[in-house]
Amino acid sequence: MPFVYNFPFFSIFICMISGIVTPLLKNGRWAYRLSLFASGAGVLLSGVLLGRIGPANESFSFMMGHFPAPWGNELSVGPLEAVLATAVCLVMMMALLGGSRDIFEDVLPEKQKLYFIMMDEILAALLALTYTNDIFTAYVFIEISTIAACAIVMAKDASATLVATMRYLIMSLLGSGLVLIGIVLLYCITGHLLFPSLQQWVLELVATGQYTIPLTVVVGLIVLGLGIKSAMFPFHLWLPPAHGSATTASSSVLSGLVVKGYIILMIRLFYKVFTIEVIRELRVTNMIFLFGLAGMIIGSIGAMKEGHIKRMLAYSSVAQLGYVFMGIGLGTDIGIMAACFQILVHACTKPMLFSCASALSAGRHHNKKLHALRGAAYENKLAGIGFTVGALSMIGIPLFAGFAAKVFFASATMAQPVKMWMTLLTLALSTVLNALYYIPAVTVLWSRPAEGETGEKQPVHPAFAVSTVVFIAAVFFLGICYEPVVTLIQNGLALL
Amino acid sequence: MEHLLINHYETAAVILFGIGFLNLLLQNNLVKKVIGVGIMDSSVYLFLASQGYIEGRLAPILVGEVANAADYINPIPAGLVLTGIVVSVSVTAFSLALIQRLYQKYKTVNFDEIVQLARQKGDE
Amino acid sequence: MFKSIVLLLPILLPLIGGLVVFRMRDAKARRIAVSACVLCTLVSAVGVSFLPDLSLRIWDLGGSIAIYLRLDAMGRFFLCLVSGIWTLVAFFAYEYMQHEGREERFFGFYTMTLGILMGLGLAGNLLTLYMFYEMMTLITVPLVIHNGSREAVAAGFKYLGYSTFGAGLALIGFFFLNRYCSTTEFSAGGTLDFSLAAGNENLLFAVWLLMMIGFGCKAGMMPLQSWLPTAHPVAPAPASAVLSGIITKAGVLAIIRVTFYLFGADFLRGSWAQTTLLCLALATVFAGSMLAYKEKVFKKRLAYSTVSQVSYVLFGLFLLNSVGFTGALLQVVFHALVKNLLFLAAGAVIYKTGKTDVRELVGIGKQMPIVIWCFAFGALSLIGIPPTAGFVSKWYLAQGGIADYGILGIVGAAILLVSALLTAGYLLPVVTRGFFPGRDFDYANLEKKEPSGYMTVPLVILAALAVLLGIFPGGLIEWISGISAVLF
Amino acid sequence: MPVWMLCLPVLFPILAGAVMLARPIEDRKKRQIYVAGAVIVNAVLALTVLIWTPDGVLTLLRFSDTMQIALQIDGAGRVFGILVSLLWPLTTFYSFEYMKHEGRENKFFGFFTMTFGVIEGVAFADNFLTLYLFYELLTLATLPLVMHSMDGRARYAGKKYLIYSLSGAAFAFIAMIFLLTYGSTLDFTFGGVLDPSRASGHETLLQTVFVLGFFGFGVKAAIFPFHGWLPDASVAPTPVSALLHAVAVVKAGVFAVIRLTYYGFGCDFLRGSWAQTVVMTAAVVTIVYGSAMALRTPHLKRRLAYSTVSNLSYILFSVTLMTPAGLVGGLSHMVFHAVIKITLFFCAGAIIYKTHREYVYQLDDFGRAMPVTMAAFTIASLGLMGIPPLAGFVSKWGIATAAVETGMPLAYAGVAALIVSALLTALYLMAVVLRAYFPAKGFDPASVKEVEDPNRLMTVPLLVLSAASVLLGLCASPLIAVFEQIAAGLL
């Protein structure tokens, strides 16, 4: 077995370890550096891995502690996982950089170390969800990420955040409870926990027609559970307060990564356990599709009504997740490819928007009401540009990442006449709606402020500058040179 | 009916799960919500354990030479239950901590009241 | 070719002259200038019409369209008629316009209009005709709204709207003709390309109908006649005189050009479109007289009378035979003379007494005998009492009608007769009560209000012509038959 | 000439404008020199490129084999490009004077210059993706110009403009996706890119999509019922209304429709289909509707805007005839209307600039007060009414003859609509002219005593343009010949 095959495990392990050793560190600063190191290492390892298996287009499964199935616990790695893992680590790192300033302002000094522990755990959990080949491990990491996520929301000790966290927690527990019972039922009817053997049995059951109803129930429970946790319409209500009130880095990580983790898991389950054909058989995709469309619209409308810039962005996340679910709901390889691409796009765009938004509000003593931000872009040009780029990408202007995603979604629907029109029209509508809250926001930011409302000029914070620049680069990269990424995703899906 | 009686473990588990679920959803008192979660989880573990146990098999603890593998019950469900319990414990701990913070702030554990108070305080 | 540059003369002279006149504030100088312009134009027009047929391609607009002048018999006829009457009216206007003010503006447009009319007469193809036709509309609107009162402006817009719409209908026809004619240059007997036209007859008839209604708008034919009674009364007397004496004839000219020089009489004869148009013309004749009869405002009455009289012309034309054609052109001449005469007389009355209502004109004949005598002759001629001019034309029209068109023709003749009676009914009372005010009229405070020579001379000339041409129509008829010879 | 030259006229002004936004120039003189320099240089660049066209395609960005950002100049693009490059400098000079009383000139000229580049991009676009890109950018670049004054009405207008344009673009996007799926390529190909093997069996679907796309791009061309933004957008400073909302933006919409119809779906595919009926009907309705509304609107600029609505549909109607002759008529009216309408707007602007009078009924006796302005206005009006031999007539002639040749009843209806609208045009324009030259009774001349013509920066463009509108009419034939070649697919 080539050494590089260990990297997935290493990347998870490093995060874990750094989380564990963090309490020993002197103060939050060091913890921050350690987490940066961890995520950086993650980027490095997954990058190397990607470089190795991407071109070769191979996939392998890695036995933890070299116990063979069914006792052992496996990771399975392919191009798709590698791409996602790299993206996750990169985004995590950038989110930390972009939000660092606010973290040290918002979080009490004695709590800062703990905050970074949570960040490390989240990264570990996300990587695990991306790599794992064992359904119960998946569950465990779901729970870990749940707790950690709630923790980073409440890290900013404000009344709003606490309430939001409570909501978030309740919904997540609900979700993970459903997932758990689903998993257990699945185990009961198959007697396995590893994806490959599960798939084998599921197919057999389907073939022989036994346990059809339990199987349906299982799929339903798992989809529902994961849906709740990833804010699928109509279970999205917890997201805006949570993402809107948390500290910057948390918001970035939450809407950029955490929600995506569950979706990634869902996709992998669909492919590696239930197989997409069965899912289509069970009509689950149609449900997801409809929820996705609804989410696209409802989210945008919510965002239009929002005067608080971060909550607006949170609502827009709901809409963007709607795109993803819509793609999954198409139930075709190309549709899911589009969904994965959209995951990447949103993961690169939304954190940037969040960090830019709070950087802009910094000059106005952290007042995040839109009307208070008139002309803020002139005080922090980089943030203004970053926000503008993000907005344009979300609207889907050509050259920006969002446009490519839109194109994929649109061309993915061509095969299915019925879904085609629904998708196309909803796409059109939601594009307009997106524009309707992003463009005014941008104009407000760039319009000359009246006398007296101007804030002090902001010094450009290096960490923030780095992250913004990287994100902008990523947005354009995905918008223009998306072809290699897409091929990777397609190969990856094929190999799942 | 027959089935229910035969698989009384499962039946009980399902009933418990229902109770827990409803508690989690409907209770206004946060502590009771958490208790609901607890019930829910443990019902799942009961279910799992009952699945794992097979009449007339040995526990998979090896002393001396290995007997025929078919004589042992599958250890995995037990393992799962243990893991699950750990998870639920941590979750419960976390939630209780959160509730405590809220109580310190608002002097109540009734979620609706808390939300109201938070509204009055206004955002940020 | 070079010789044909002369065709521009009657067009450009008044146009440029008009522009000059705009700047002339001094009344005397202006009169001289205007007279010079108008007379020169008259001379050049008459002179031109002694030349042989000429043609001048001014500008090629690409495609099949060009601005193209051509002198032919019809053109000569129109040129002489217009320029002659225009001159007379100009002289009348000198005095009349004094109480209207903004004279330089009036005379500027007045003179320019003459140029446009010359161009209309010389237009050698449909595009040029249309161009001058539109220009005529635009440039005569100022004459209508001259006094700037609210109703004048309203009337001006009504005039503009109707005319543009009419022209538009004509333009539609233009597009179709451009497709179905070998060329849109006028040539006697029509240029219709029968290989294309075959199978599309009804389309073409419809097109013709449209164009007739369109151009008929200027000639006050139903259903687009209603601008005329609105616009004429509000305009200053000289303006209304030329409007109903000449401008309506511009519509007639256009109709002649399209009907006889593009479609060709033979193609149209006996079509349903022809019947429709004949009926429209007759209806207009009758309705016009009726309305005139009921109308009390003097100039409005005359305007209605125009509506009716010009439709005599149209009736004659739509008969599509040479007799009718002759009658029509005679009617053109006579009506041009007479209607100018009448309007000018009315103008004189208004100018001197300020009375606009017929019922006020009791004893007017005692105050301004010359004017009313002229008016009387005009009236007689318009009614068509031998030996005055009107009789001759009506005679031809009736003949033309009865000759080819059994019932319709007879009905037509009958209607012409009835309307003649109505004409008598609405014109003669003015004369009679003018001269015989009755017993209770106090002759005590009766003072002569005869206008100056500027006004009377043109009136007398016109009256004389109206009578003389009635007595000796021979020359005129010859000329006209010369025109119609090539058409039938 | 090297092919990379193509990107200069597109990128240079965008950069120049961006620089200006980033580093505002406070001194007016310097700014004017800078802007004038940039615009003239770019106009020259553009014209050189347009006249000595380098053959070959310049691919700026390559997404994938089917999707690229690429520039190339073909006949239609050349017409549009030249039109814009000629009108832009004139407008720039005009706005130097005009914008003095609007303020925030850096912002204005920054975006104004950028828009120049974007428009050139629309003209040079080689495929639908590029067209779509610049189409979207056009919306974004012109939005600040519309909202320039930033007061309530301007904001409202801007928002409306945004909604309309973006929804239009969204529909156009759908059309593009279908061309991507059912077409052999996205590159413009005269006669259409549909791949018969793929398209066969989906005719109805594709025609539906064409209708979507037509209305999508038609939004910018203000086709009924998506015309609402244009009259409201006339709150923008006059140079914007003149150049963007009479020429650049709206014509970009028309241009896009031409691309979609003749170079995307292809006439042969559409001719005689129900789709054609639908779009043609829409155009016919708009023709009449626009003029009628113009007649009802007392606000001068709004009136002109409505007149634009109507005239744009002349072009669309002609385009939807889907015959070469139709394309010729459309292109010629595209050019002529541009020249005429920009003149009219400049006059309106001059009046507002000097007197702040915006309503038709305030213009009594302006013929004497502002002779040059009103003279230009009159000439332009005659041109728009279509009095031969002025420009308006030639194009109307072209359109109508094309319509008659098709022999479709609907086309005849269109001709009738043209006539009606001509009548209305006469009324709503003459109303202004007559009032200006023949003040109503009891009007006191004192009220316009100190009104006078604006200075050269404004009058010279006016005179140039009105002269142009006459000359274009007289010397139309060579131009028409070029259009005919384009319509024949030769250029």
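By written order: A, B, C and D. Residues from 1 in each chain.
Heads up, the rule we're going with is that a residue touches a chain if its C-beta (ideal position, glycine included) is under 8 Å from a C-beta of that chain, and two chains touch if they have at least 3 such contacts.
Note that the coordinates shown come from a computational prediction; the quantities given were computed from them, not determined experimentally.
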item: Chain whose averaged C-alpha position falls nearest the assembly-wide average; value: D
item: Whole-Å gap between the CA centroids of chain A and chain C; value: 85
item: Chain centre separation (chain B, chain C; CA means) in Å; value: 105
item: Inter-centroid spacing, chain D versus chain B (mean Cα positions, whole Å); value: 68
item: Separation of mean Cα positions, chain B and chain A [Å, integer]; value: 27
item: Touching two or more other chains - residue numbers and ranges from chain A; value: none
item: Chain D residues counted as touching two or more neighbouring chains; value: none
item: Pairs of chains in contact (touch as defined earlier), listed by label; value: A-B, A-D, C-D
item: Complex interface listing, chain D residues touching chain A; value: 61, 63-64, 67, 69, 104, 129, 132-133, 136-137, 140, 143-144, 147, 150, 158-159, 162-163, 166-167, 169-171, 173-174, 177-178, 180-181
item: Partner chain A, residues of chain B touching it in the complex; value: 17, 20-21, 24-25, 30, 33, 37, 40-41, 44, 47-48, 51, 74, 76-77, 80, 83-84, 87, 90-91, 94-95, 98-99, 101-102, 105, 111, 114-115, 117-118, 121, 123-124
item: Residue ranges of chain D touching chain C (in the complex, touch as defined); value: 382, 385, 387-389, 394, 397-398, 400-401, 403-405, 415-416, 419-420, 422-423, 426-427, 430-431, 434, 437-441, 443, 473-474, 476-478, 480-481
item: Interfacial residue positions of chain A with respect to chain B in the complex; value: 70-71, 136, 139-140, 143, 146-147, 150-151, 154, 157-160, 162-163, 165-166, 169-170, 173-174, 177, 180-181, 184, 187-188, 191, 193, 245, 308, 366, 368
item: Residue numbers on chain C that touch chain D, as the complex places them; value: 59-63, 65, 67, 127, 130-131, 134-135, 138, 141-142, 145, 147-150, 153, 156-157, 160-161, 164-165, 168-169, 171-172, 175-176, 178-179
